[in-house]
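Common to both upcoming complexes is chain A, partnered first by chain B, then by chain C.
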Partner chain A sequence: MTAVTTTSGISGKARTKQHWNGLILPAVLILVWEAASQFGIVDARLLPSLGTIAGRAWNELAEGRLAVDIAASLVRYLTGFAIGSALGIPAGLALGLSRTLDRCVGPTFNAVKQIAVFAWIPLISVWFGVGEAAKIAFIALAAFTPVVVNTWAGARSVPRDLAEVAQVLTLSRWQRLTWLAIPSALPSIFVGLHLGLIYSWLATVGAEYFMTIGPGIGGLMTEGREHFHMDLVILGVVLLGGIGLGLNRLATVLETHVLSWKQH
Partner chain B sequence: MTNLELDRVAFEAAVADQPDKPSGGQVAGRLTEGLRTIAAALVFPAALLLVWSGASRLDLVPAQILPDPRLVLTTFREFYATGELAFHAEISLFRVLQGFSLGASVGLVLGISMGLSQRVRELAEPLFLAIAQVPPLGWIPLVMLLVGIDEALKVIIIAKAAMIPVTINTCKGIRNVPRNYREVGEVLTFGRWLTLTKIVLPASVPTVFTGIRYGLTNAWLALVAVELLASSEGLGYLMVWGRQLFQLDIVIMAMVAVGLIGFFLDWSLGLIERWLQRWEVVGT
Partner chain C sequence: MTDHGTLEIRNVGKRFDVAGQTVAALSDINLSVAPGEFVSIVGASGCGKSTLLRLIVGLERDYDGEILLKGNRLAGPTLGRAIVFQEHRLFPWLRVEDNVALGLLKSTLPADEKRRLVREHLDLVGLGSFAKAYPAQLSGGMSQRVAIARALVNRPDILLLDEPFGALDALTRAYLQAELRRIVRSEGITAVLVTHDVEEAIFLGDRIVVMQPRPGRIAEILPVDSSSQHDRASPAFAHLREIVLNGLGAHHPVLPGRLAA
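So, the complex of A and B:
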């Protein structure tokens, strides 16, 4: 994937020009926005000026609230993701390696997967209470599904010739798992983990909206909405996008690093 | 690779992952094989159901935590008979169709223009990607402040959720039309319009349609989220209501409905997709 995007890129000069062109629209938008709020064309409460937003960000940062919110969201997110993937990888491997499980449990899993993940929130909030546990359980569920799906697909598609070699060498079950199944499923597992990372970030925001308000970016945005602080809400939107982008970059780097053996 | 691309790749893999058809053999053999597959698939849910109903019959779990499956069934029948389930499902479906049609149309127009014109792509892509980067859920508080919590909020959020994959895939589908297809058009001295309608659009159907299917899945997900958050009718509201009354039978019934409708929405798009791609089957 990454290889495709780099080769399709045009020569350096054309690329920089393309970058500049891409900035025109956002720049125009920001100018119109700033002008509209400066000249009072639009209610400043609906469209705060960029200065107001920056000031709000600085205030929140200086008071230490912003750091608390971001940290709370990240801790929750990573805990949920870790639990979800720690359960999802073995579950996916089991489904992919055992024909019985694949046939008996697989269809049920696929059916349950059809339920949009947010539909689990009411049930989870009953089962796990309204505190931190419920949020983490929901985030874990959001990570669990894609991890299982991809690990399962990866473990199922062990190359036939390699499986035959393993049979000839009379490898034990454990050896087949660690030497054959896991390495050959690894790229799929990573796709699953990467997707899990994205979904659980979405779920973190969702959990913070739907369950009790606590520190967190979702909480910050809900508070901004309730008190009609548009600047706070926009700050939240920027944070959500920025953190999501950063985590995604990090995952891509890790992925290419870990899977580098595959390219040789 | 951005998360949007990755998301799409995984979705395409999931769509392409059709179950293996039993190959060869006689009809009877295939039939028993099919029956065996179905039987195997039913073992686990049956066992689960048995444990569940046993546990609630023996009062191992309180009904507020996990209601008896028979109660869920009774509730289902009741809601079905009074037409209440159909009422909420219809409202949810209507919202999704509104938001999805809006989002998919915008996505198609944007994707086609970004796919055909290098200049439009250069201008619009960064802003588009910035908007796409924030999940639909993240936009809810902002849109709420702008338009309130009525229908407009739901339609906008659902449209945003549907628009992103449609735009990305349409743009990609058009750009990836094989060069020799276009050359055939040149040989036949097709004008711009004919090239677009007879060559570029049909050839990009598979990619575009994957985007549309994914858009609808996304739209359904967004609907559930937005109805949970702000709604006084619809399946999401039904869940919130059941949760507040501690009537988990209603919650579970609504969850099943959400799953079923989501499945059928995708399934019916799959049928349309196959119909639209019939030229390809003939061609190969």
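So, the complex of A and C:
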């Protein structure tokens, strides 16, 4: 699960302090790592020093390869995520708002979602071929599931007393959807999108790593592994973590902005 | 202003199925509310008074008997009847002005006219300066005033009030009762108030309908003398309160005016 936490109630100063506390462990780990490679405690081929990795990053960047790989991964990821959530939100709303769909389709969906997403790789490879389409389909599937599950839960739990208000005000189906069902499900939808953002980023790496090789951060890591360039592999890991963290932050900021009515 | 017709409730009954058993919530209700009249319905919890309001507003359609407005049988909610619930039931994601504007979503008025109406009704309940606030930023009394504005913005013929001040503190309640009376009188609206507060029923009502439970039925209908209802300390007010309390089945003469919920 993702950490969708709020730090309201903690003053700004205390929050900054806590923020710094979280950086102590990474700093220590990096120091230990650097010391280990500097003093030759570990084999530099297995765990290259920070300098080597930085140098590799600079080289890749200068050659223009790194930008291409990052861009390829991001485009693939965002396309897949966009498709998955664009299908997932309406599907979740439909399941949550129609009792018939909930009864007829719900159980099947709940059963199918138990299948680990990576188990779909062989099927997707066969259905969508070995190219870009298969990767995007896989990423879209990874986003689709959490978006549907959470949108569904949100749409199903529209407060009954507010639904009665809509009924008394004789709102149309469409007005109920836009003024009541969607806003009331929005916090859940965001939880789904947030999870989808994380899952589909993992799926992007998985697709690049397990499916056909091509430009992308996964491809970069595969290459590093095959040529025993651990600096390249670690560079890939750092990029994956950094980009994932950035996306998570972005999602939190957007969420806080859109759901500002919850802050009061 | 008074051309919106009489509300006729004829031989109305309502049954619920509870755990396989049929329970009569309302039985043989007959009541006629004249245009512009304010009727208070009092009764202890479980006497079906809220159910009666839900029937009138159209939230429950499965009942025996007839509810007529201008001689036509009511079928489902219309904008001519508005309701204020015990809880404010504002949409938390909408600002105060948008919550009031919800009442006008089905209206075909031009947008600037709608804006004018929203503003006018917010001023009417004294919340003009809170138009941009979110419900969570308001107190309970303020939220309930927004709910009243939302109910009134369509200029309904009939306003139904389901224990609207039940959850408020005594001071706010007294203030809002006076405000409500002023608004309803000035707009010429027909109002039906459900409450378990006998003083509130007397203070606001032209007539008081006393209900008794199991099954919910009308025990008596008492006229309120307009000279006695304004002064809660007057002997006439106290006397009427005594009669209503007796009608409710509270025979002890020194019972407090407000029944336990």
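Note that the second predicted complex is superposed on the first by the 221 of 264 C-alpha atoms of A that agree within 3 Å, B and C clash if a C-alpha of one lies under 4 Å from a C-alpha of the other, contacts with A are read in each partner's own complex, and residues count from 1 in each chain.
Operating definition for what follows: contacts are C-beta pairs under 8 Å (C-beta built on N, C-alpha and C of every residue); 3 or more make two chains touch, one makes a residue touch a chain.
Owing to the predicted nature of the structure, the values given are computational and were not obtained by experimental measurement.
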When chain B and chain C are modelled together on chain A, clash or fit: fit
Superposed model, chain A: greater residue contact from chain B or chain C: B
Three-chain overlay, vertex chain A: chain B-chain C angle, C-alpha, nearest 10 degrees: 90
First, second, both or neither for A:186, with chain B first and chain C second: second
Touching partner for A:21 - first (chain B), second (chain C), both, neither: first
Which of chain B and chain C A:169 touches, first, second, both or neither: second
Touched partner set for A:195, first chain B, second chain C, both or neither: first
Contacts of A:105 with chain B and chain C, given as first, second, both or neither: first
Minimum Cα separation, chain C to chain B, after superposition on A (Å): 5
Chain C-contacting residues of chain A that also contact chain B: none
For the chain A and chain B complex, residues of the former touching the latter: 1-2, 5, 18-19, 21-26, 29, 46, 100, 103-108, 111-112, 114-123, 125-127, 146, 149-150, 153, 191, 194-195, 198, 201-202, 205-206, 209-210, 221-222, 224-225, 228, 230, 233-234, 236-237, 240-241, 244-245, 248, 252
Of all residues in chain C, those that touch chain A in their complex: 57-59, 76-79, 81-83, 85, 87, 89, 91-94, 102-103, 105-106, 134, 136-137
Residue ranges of chain B in contact with chain A within the complex: 1-3, 5-7, 9-10, 13-14, 17, 37, 40-41, 43-45, 48, 64-65, 119, 122-127, 130, 133-135, 137-142, 144-146, 220-221, 223-225, 228-229, 236, 239-240, 242-243, 246, 248, 251-252, 254-256, 258-260, 262-263
Chain C-touching residues of chain A, taken from the complex the two chains share: 161-162, 164-165, 167-172, 175, 179-180, 183-184, 186, 261-262, 264
